[in-house]
Amino acid sequence: MSRVFAFTLGTLSAIGGFIDIGDLVADAQVGARFGLRLGWVTLVSVVGISCFAEMAGRIAVKTQRPAFELARSRLGARFGLFGLVGSLAVTALLVMAELSGIALALQLATDIHYLLWVPLAALLVLIVFWTLPFEAMERIYGLLGLTMLVFVLAVWALEPDWSTLLRSAATPSPTGPESWATYLFFVVALIGAQMTPYEMFFFSTGAVESRWRPKDLAELRVNVLVGFPLGGLLALAIQAVAFIVFFQAGVQVEHISQTALPVAVGLGKVGLIVAIVGIFAATFGATLETLFATGYDVAQYFGWSYGKVQEPARAARFTAVTVGLLLAATALALTTLDPITVTIVAVVFSASLLPFLFLPVLLVANDRDVMGELANGPLANVLGTAVIAITILISLAAFPLLVLTRGGIA
Amino acid sequence: MRLSEVMKATVIDRSGRSLGPVRDIRLATNTYEVIGVVVGAGPFARAAHAWGYAEGRAEGPWLLKMLTRRAVRQARFAASGQVADWGPEEIRLNVELAELTPLMEALRR
Amino acid sequence: MLTRAFFAALGVAVVVAALWYVVAPPRGVDGYRERASSTAEALRSQVQTARIWLRTVARDDTLLTSASVGLWEAEEDASAVASGFEGYDPPRGADELRADLSGLADETTSALGDLRIAAHRGDWGTLPRLAEPLPRLADRLQALARRAQP
Amino acid sequence: MTTVRASISARIALMDKQIVDRDRLPIGRVDDAELQLPDDGGPPYITALRIGAQALGERLGGSVGGTMAAAAARLRTDPSPAGLDVSLVEHLEPMVAVRARLADLPQIAPLERWLAQRIQRAPGAGDAPQ
């Protein structure tokens, strides 16, 4: 019985964990500007992240170590360092954006300026980080994040013309006044927002810390194959409600308040309250997970002890890195830099780092000396190669598109 | 002498021809003695050796196996007995390139 | 070593050029008209956002705190985008466009400002009256955005 | 792990690998290794593993590696990078396992110890590392 319970929890937290500040911003922006014309990107993201999360989980099950531990020996010390420094910079931006997301949710509930909430949010994150065990943390915020499903309900409540939605989803090209460059820019942004490496990390460390064995593989696969597609559905719902409420009116999404607004239109006050709780939980959970993922990245590159498995004093350098990163992100948020702009820049750079994170996982999953009978089969390899090819293209196009479209404005 | 220095060294054969950088170093399992060095040219040679294709421990994904195939075939093993001088910057062999065993054959033994 | 320094310098040059491109003011009449058009679109977006918030307020479908935040953000963004546009020098022949857009931008920000003030004071009853000019403003902004397009 | 080979690849099976102590606590990575060339002309053999940012920095070289090595060296009292005698190595797969306990290897991770002493004073930080 308890196994079934734990398994459901894992799937549910995968759904809640799929959405973070990047999705809240990028999905709503895309929905308002392009309708569902970028819906196929969510499909690609879900396939990509499922494929690599499954691989990472399988490596963890086989070796009893997180997948990234073997990354440095495959990428080499030099490339590994490059990837590490890049992901540290991107994470600092992302944590700043997620922290601001927590503060913006609190602002919506209280009408008190978000900058006043930022230090409080950081303190709250620090307390939770310091005291709660990893699994409990993950579960609580994953489950609270399920309140985001209110966006799916809102699609029905808004009584859309379904044929318009379908037609939009079946048209993979920019709407009239938009350029192809802008369209492609948002492809990059959506990929960066939806294929977040910490989702892969979540499965890898989750598998190690719950001491999964090869016989638990089926459970892991169900978590991946149910959790992520449902998370993708949530992302599509955010795009759809923004399309229905904003597209005709010509509204450009520039605030989290606008992401939540269609829910109020469709489901009224209660819906809005649930959505605000969801935004709070999703950004809070993502802040913790991004911090952890980065702490683990640094610790594993240098081979330090790490993790919530050990108390803070037993993983002193890991704790110092994560707390330092949190402080830096808080300081960045307090500079009044626009969190929405930062989010878009962060997801675009995050997208450009994806090949560095995916390639070592694919390589290790193919190493028969390490993986034995759990090595990749043809399906995982074909999908994995295709996803990496796409992320390499994205990585090359990200910076030029960011400049050319002035961050999606032009 | 550091292991990383040997890894960076260039291998020269008896006639003074450069065989490129050391791609890998083979160690005896229990004594950690260097039993030889691996050399090899060809496209994607770095990837072929760093990612386990030359050693035969990785078979996929298909695309990478195909890209590294020629480099894998060109990988040669120089046993420690065939090394005349261990460097530091250049490793000199006392044999010609043609006398070296293909890596795959050396591993099978 | 020379090549490494060269590539480093090239990299810095590319980054600087990219940053300049992102923040550069519009060049030529076409660039200016395009910027005017996108400014009008952005202003219209704020007006429409405010209207949707007001609709939820009228139906009691929203938290007043959230609506108040939404209205405040609409006004702030509208003034930011308007003052950004006013900072550009119009090329010859575009003075009229600039005057039209500035006038409309002033009307927009003052209408949105009234809404924000009323919301912060809690005078929710006066909002429907203050919102009366919004639909017309949105239409005029849209017309201007179309007309300005090069 | 499937077949026992008479030889291993230093690049894949040794370099950059995670090292753990007797209790499976992480010690560091194999950042480099020390080779000894015997006087009788025999092949070189590994005498010690090098662990820590100083060894890694020296291996990477260039301005980045130099800075890393210099920064790491300032945090240490001993001028040379931290080493671990190869006789302490128990096995290499799936991680490099060492027979000693981390607490008995004072040359490894002095920063970790220094930080731990400070962090454990904070409330809720758990036990001291030793």
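We just call them A, B, C and D in the order they show up, numbering each chain from 1.
One rule holds for everything that comes next: contacts are C-beta pairs under 8 Å (C-beta built on N, C-alpha and C of every residue); 3 or more make two chains touch, one makes a residue touch a chain.
Quantities reported herein were computed from a predicted structural model and do not represent experimental measurements.
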Starting from the Cα centroid of chain A, hunt down the chain whose centroid lies farthest away. B
A-D compared against A-B, more contacting pairs: A-D
Taking the mean of the CA coordinates per chain, how far is chain A from chain D in Å? 34
Please work out the Cα centroid separation of chain C and chain D, and write it as a whole number of Å. 57
Averaging only over C-alpha atoms, locate the centres of chain A and chain B and give their separation in whole Å. 41
Report the inter-centroid distance (CA atoms only) between chain B and chain C in whole Å. 63
Which residues belonging to chain A are in contact with no fewer than two other chains? 76, 368-370
I need the residues of chain D touching at least two other chains; which ones are they? 12, 15, 59
Enumerate the residues of chain C that touch no fewer than two other chains. none
Once you draw an edge for every pair of touching chains, what topology comes out, line, ring, star, complete or other? other
Listed in rising order, the residues of chain B that touch chain D in the complex are 1-4, 6-7, 23-29, 31-36, 49-50, 52, 55, 57, 80-81, 83, 86, 107
Spell out the residues on chain B that touch chain A in their complex, using ranges where they run on. 50-52, 57-64
Residues of chain D that touch chain B when the two form their complex: 4-15, 32-37, 42-46, 50, 58-59, 86, 89
Using the touch definition from the top, list the residues of chain A that touch chain D in their complex. 63-65, 69, 72-73, 76-78, 80-81, 130-131, 299-306, 310-314, 316-317, 319-320, 368-370, 372
Over in the complex, which chain A residues touch chain B? Could you list them? 74, 76, 362-363, 366-370, 375-376, 378, 381-382, 384-385
